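One chain, chain A, appears in both complexes that follow, with chain B as partner in the first and chain C in the second.
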Partner chain A sequence: MSSIVPTMRHVRGFDVARPLSIGVLVFMMLPLVFLPLASIFIFGTSKGLTSFWAALMAPEAIFALKLSMVTSFWATAFNVLFGLFAAYVLSRYNFLGRNALIVTISLPTAIPTAVAGFALLLLWGPYGILGRFLAPQGIQTMFTAGAIILANIFVTFPLAFGVIKPVFDTMSRSLEEASATIGATRLQTFWHVTLPSLRGAIVSGALLTFARAVGEFGSTILVSGNLAGRTQTAPLYIFAKFNEGQIEAANAIAIVLALFSFLIFSVLFFARDWLDVD
Partner chain B sequence: MKAQQAMVSEVTTSSDANRSAAPVATRVVGVSKRFGKTSVLENINFDVAEGEALVLLGASGSGKTTILRIIAGLEQPYTGKVMLHGKDVTELPARERGVGVIFQSYALFPKMTVEKNIGYGLRIRHRKRKEIRETVDELLALVQLEEHRKKYPSQLSGGQQQRVAIARTLAYKPEVLLFDEPFGALDAQTRKHLRREIRALLRKVNVPAIFITHDQEEALELGDRIAVINLGHIEQIGTPLEVYSNPVNEYVATFLGAANILAGVIKSRNIEVGSALIPLHESDDFADGQKVKLVFRPEDVSLTKSGDAGPGPSCIARGIVEVTNFVGAYERVSVRIDFSDSCTDETDEEFYLTTQTPESQTSKAIIATRPKPEATAMRLKQGDRVAVNLSSFTVLPDLPPRQKEAPKK
Partner chain C sequence: MKRGTTKTPAGFCLTSLFLLALLLSSCLPTPPAESGGVNLTVYGFSIMKESLEKGVYPGFAAKWKAEHGQDVHFTSSFAGSETITNQILQGVNADIAILSIERDATRLKDAGFVVSDWHASPQQGIVNKTPFVILVAKGNPKGIKDFPDLAKPGVRVIHPDPISSGGAQWSILAIYGSELVKSEKDTTEPDPARALQTLQAIWRNVKSTPGSAREARTQFELGYGDALVTYELEGLLMKQAGANVEIVVPRATIFSEHPTVLIDRNVTAARRPLVEAFLRYLWSDDAQRTFVQYHFRSSTNEALNDANPQLAKIELPFRIDYFGGWQRAYPEIIERVFRDQVQKRK
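Up next, the complex of A and B:
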């Protein structure tokens, strides 16, 4: 019976499944991703670009954006260098506890960010395990820009490492051996042979880390103290202004952050060929 | 054994005399190596003269790559020394030895162009730009890759990559070139072609070279001398002709080329194999009653049909043709020798071939090869009765093969 009924799929060579499945995909993403993003732009610009610009140029808003960029930059710089070093050690040497270290490095992504911030407070806070000895010396780590960097480092810890390590693992040892027999020192080999092969991984690792750090909220709100104009990052600013009912102020920063992440991921996506060039 | 050694050393000394004019470029003295408790190399000794090509031939796991890595400084020997042009370099790291290693995968730097790869050795030595450019130009011309100078390694064929790898090492005038299975990654046609190319190139630049291979054909063609390596020992070292025609033991005989091996006993200056008596060579020195092995190459066997020309003076027995196989340049014939059927026995009875014949004392299969003209002139088919004549053979004492060493406690 079924063989007599013509199938729906191919109607005179036209594949119905193709436009249908693409349509379903876009339709499903509409309320989940597209519309929320679109709302930011619709609301943010609904009262005209001048009021958007004024909201953006508020001193506290500019400070929050700057603070986010600076703290994310230092966290990224540290995590890329550390990730490079950790990937080198963990792919070159085999030792007892190596796998345990790899798991530990990867752990921070799995920990809720609020827990991460809380953990940092328990260590560095005025009554924390280390903090209680530092506080009498007048050294205050929490509720400063330094605390934001620490929190950013913690939550983005494995990102650069995770991108760089696989490249190390697949890199042929004979390249470095060849360089040595040609007469290069370890440093020359690293600089001329190893590093160029890691270029793509380093750049994409850095972009990922930076994007993640700029958006960090959960841990930052715990460790920074959320002091406007002093330790308030861009995501905290959005939250604070929203609570105060200043939707426009929150919205202006939200647009900037959304555009910013859009930019980073476009670079990651479209520069893929350049990043992976062999 | 003594006889063999005497013969080999005689030949070796004569070729040594030829080589003595060239100074020793690389010397490996008493090198042994252990990984943990397993011994992988035992007392390795050899010299490579200036401009000479030595091939280390051995099966995988024989330790040949370890020898290469020890010379390059990528691996430390357990005992022994490595000397380059008279200088003991055993304690020097790889980068201070100045040897050129051509890795199996070529290990070209993927992010550098051909000319950057070739100039790398000079760049890290902080040579002047002009000097680097001139050397790179010279080497590009030498390996005929001028038009590819701006390309990246991934854009080159296997053969071109290999030439870049060689040029890259020649740039800093290496003490010796070490080739690790240089043709392993290439197809058979390219392989043959590149072998000749590299041989010609080496003659031009006159740099001593050590090749590693498991391919006997490659060894015969590339090497001025061949060292056959087995389980961490050098079994024999000599010119291709010496090693091929006078193998010192069964391993060498069977690893380098095909060999037929028959067990025999010495009886008053004759080797008794089955019912055949084969006179010993003048130089062979064996005691009466000693067990020996008669080793001969398939091409040293000539087959004559009974009734035709009759058995030659070097006939050892008669046999029956089991299989004939045409393999291009020659025909391969498998003959089951029947030692109860002596050469002088001229009966013309019918023989029946049974495939189920158990391997008995008197019956043994050997392989003979015949060049195409001979194969066409005298056709052989399954079941033909032939006389087996030997034009050349080697007699070796019956020794047990080398055992893989048990891990030392």
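Up next, the complex of A and C:
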């Protein structure tokens, strides 16, 4: 390479740019990412591990973590299935309005999450466009776990789709065609041929969606009612504890969420060979 | 493609681990509050948390259990007074709201959520009160003795946002009214120009407007500012927790009075006796003593306040009546003075 790029400076065969650029990279990340994360850990454990553990084991904290996991799970399950379906339809068929649909699916990425929560309230709230007809029937969606799932679905809508669709687009059709020629039905072809090659995309789409949903705050605080031990998710718990001045309690849960996302992205990174994602 | 179909043991472990985690999390957790018994949902403005959760709830639960043999569980949410009012207006299932300012109770009434008249409750619906004071760092390094000192150059003031916080509105009334009361005392004539000037000068020093009195306190604790105007109770709770703060008691200041309303629209006939019993309990000597223990002042009996020696003596106290009640104070002071002449000039 170096003979092709004469501008690159070498000192006795030693590439100066390499350690220099790595150093600059780490140095830049230090105040932006590393130190803020480190301060959570330092502060959270400054009063000893026992007080950290006590903060973590508070019934409301455990409830908040569980609620986050469960609501994120259902939102993930829905969005992966939907993303799969949408990617299939939108990459197999060409029709009027196809591009408009693709754009619409991607829209929630750019909408402020508070707007997402607000929009759900205006639709499903007891005085919302639909909610006002459901409320007399005793059906209430907002301020329940269901509302949190709806909000999670909205804000993570494009994630799984975004990972799955490119794989569909670039997938070689020849295997599917071969499967069809030996008499497989559409469903069999999908199940035995198409789906296995999407495995990596599905898993990474699910992990991304799940990670994003667990951390969701802006829309949840509007639609959940923020009742401790009832509709308070982990991020809301952190916010509430911070506002109450109980910074250790907030930190304990923050540490759990930080470790959790670290785990998810480690899986995404280190298992990507197996997952077949590039 | 081929690689994708071969399963490595590590990969297998990983998938099963992940699936197991998902399965574990796939059923909704039961709220600790719902294991038998009846439930009461209370929305309170930010500083109500300690006295309710540590004193009033257990007290009422024990009383109800003794009288009816039934467990009462409480769920509650605490935020700025305006914020919880807006949440209730959006339809959250609150049975009772304890608000910082009467204006919010009026908003709930105007929207049809509160039908019964809270003025019919004891003390016109006021459940407790507390004066407004100034919090500074220990040793009072900026030498703050009264509200006008907050306007000195270089003093960083934290003041909650009057859009979302009732405490912020009390604080504005405390500062503005304090100047009026003092000028009236010294020259027999209240001086609105001096009051406006002081308020404007202080707001030039406001560096941060958090959403509630409690958020403001957290920011102050983190060392963000030199002074915080807030409820006396917040200062006493901070001192109790060992924070390095000092309370500066202004010569004249307002007593904030906190109305409590029953959200009629959310309370079914079957649950009404329970909710009303809790409402009545708030004015019982039992509950009032608890409030005093957590540094509020009793609204029913001044003598109960003697139980807490930390409550400060105030030379020239005044109440919302000084401005002619909230129905005049809000348009005349918060809107016409603060919003139009202080905030717009910033």
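Simple rule for what comes next: the second predicted complex is superposed on the first by the 261 of 278 C-alpha atoms of A that agree within 3 Å, B and C clash if a C-alpha of one lies under 4 Å from a C-alpha of the other, contacts with A are read in each partner's own complex, and residues count from 1 in each chain.
Simple rule for what comes next: a residue touches a chain if its C-beta (ideal position, glycine included) is under 8 Å from a C-beta of that chain, and two chains touch if they have at least 3 such contacts.
Keep in mind that this is a model prediction, so the values were computed, not measured.
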{"item": "First, second, both or neither for A:197, with chain B first and chain C second", "value": "both"}
{"item": "Chain B versus chain C as contact partner of A:59, first or second or both or neither", "value": "second"}
{"item": "First (chain B), second (chain C), both or neither touched by A:114", "value": "neither"}
{"item": "First (chain B), second (chain C), both or neither touched by A:127", "value": "second"}
{"item": "Winner by number of chain A residues touched, once chain B and chain C are compared", "value": "C"}
{"item": "Touching partner for A:73 - first (chain B), second (chain C), both, neither", "value": "second"}
{"item": "Which superposed partner A:242 touches (first chain B, second chain C, both, neither)", "value": "second"}
{"item": "Partner chain(s) touched by A:228 [first = chain B, second = chain C, both, neither]", "value": "second"}
{"item": "Chain A positions touched by chain B in one structure and by chain C in the second", "value": "175, 196-197, 199"}
{"item": "Residues on chain A engaged by chain B in the complex (per definition of touch)", "value": "172, 174-175, 177-185, 188, 192-193, 196-197, 199, 277-278"}
{"item": "Residues on chain A engaged by chain C in the complex (per definition of touch)", "value": "59-60, 63, 66-67, 69-70, 73-74, 121, 125-127, 131, 135, 140, 142-143, 145, 175, 196-197, 199-200, 203, 225-230, 240, 242-245, 247, 267, 271, 273-274, 276"}
{"item": "Complex interface listing, chain B residues touching chain A", "value": "72-74, 93-101, 103-105, 107, 109-112, 120-121, 123-125, 152, 154, 168-169, 172"}
{"item": "Contacting residues of chain C [partner chain A, same complex]", "value": "1, 3-5, 8, 10-11, 14-15, 18, 22, 25-29, 31-33, 41, 46, 49, 75-79, 87, 90-93, 211-212, 214-215, 217-218, 221, 238, 241"}
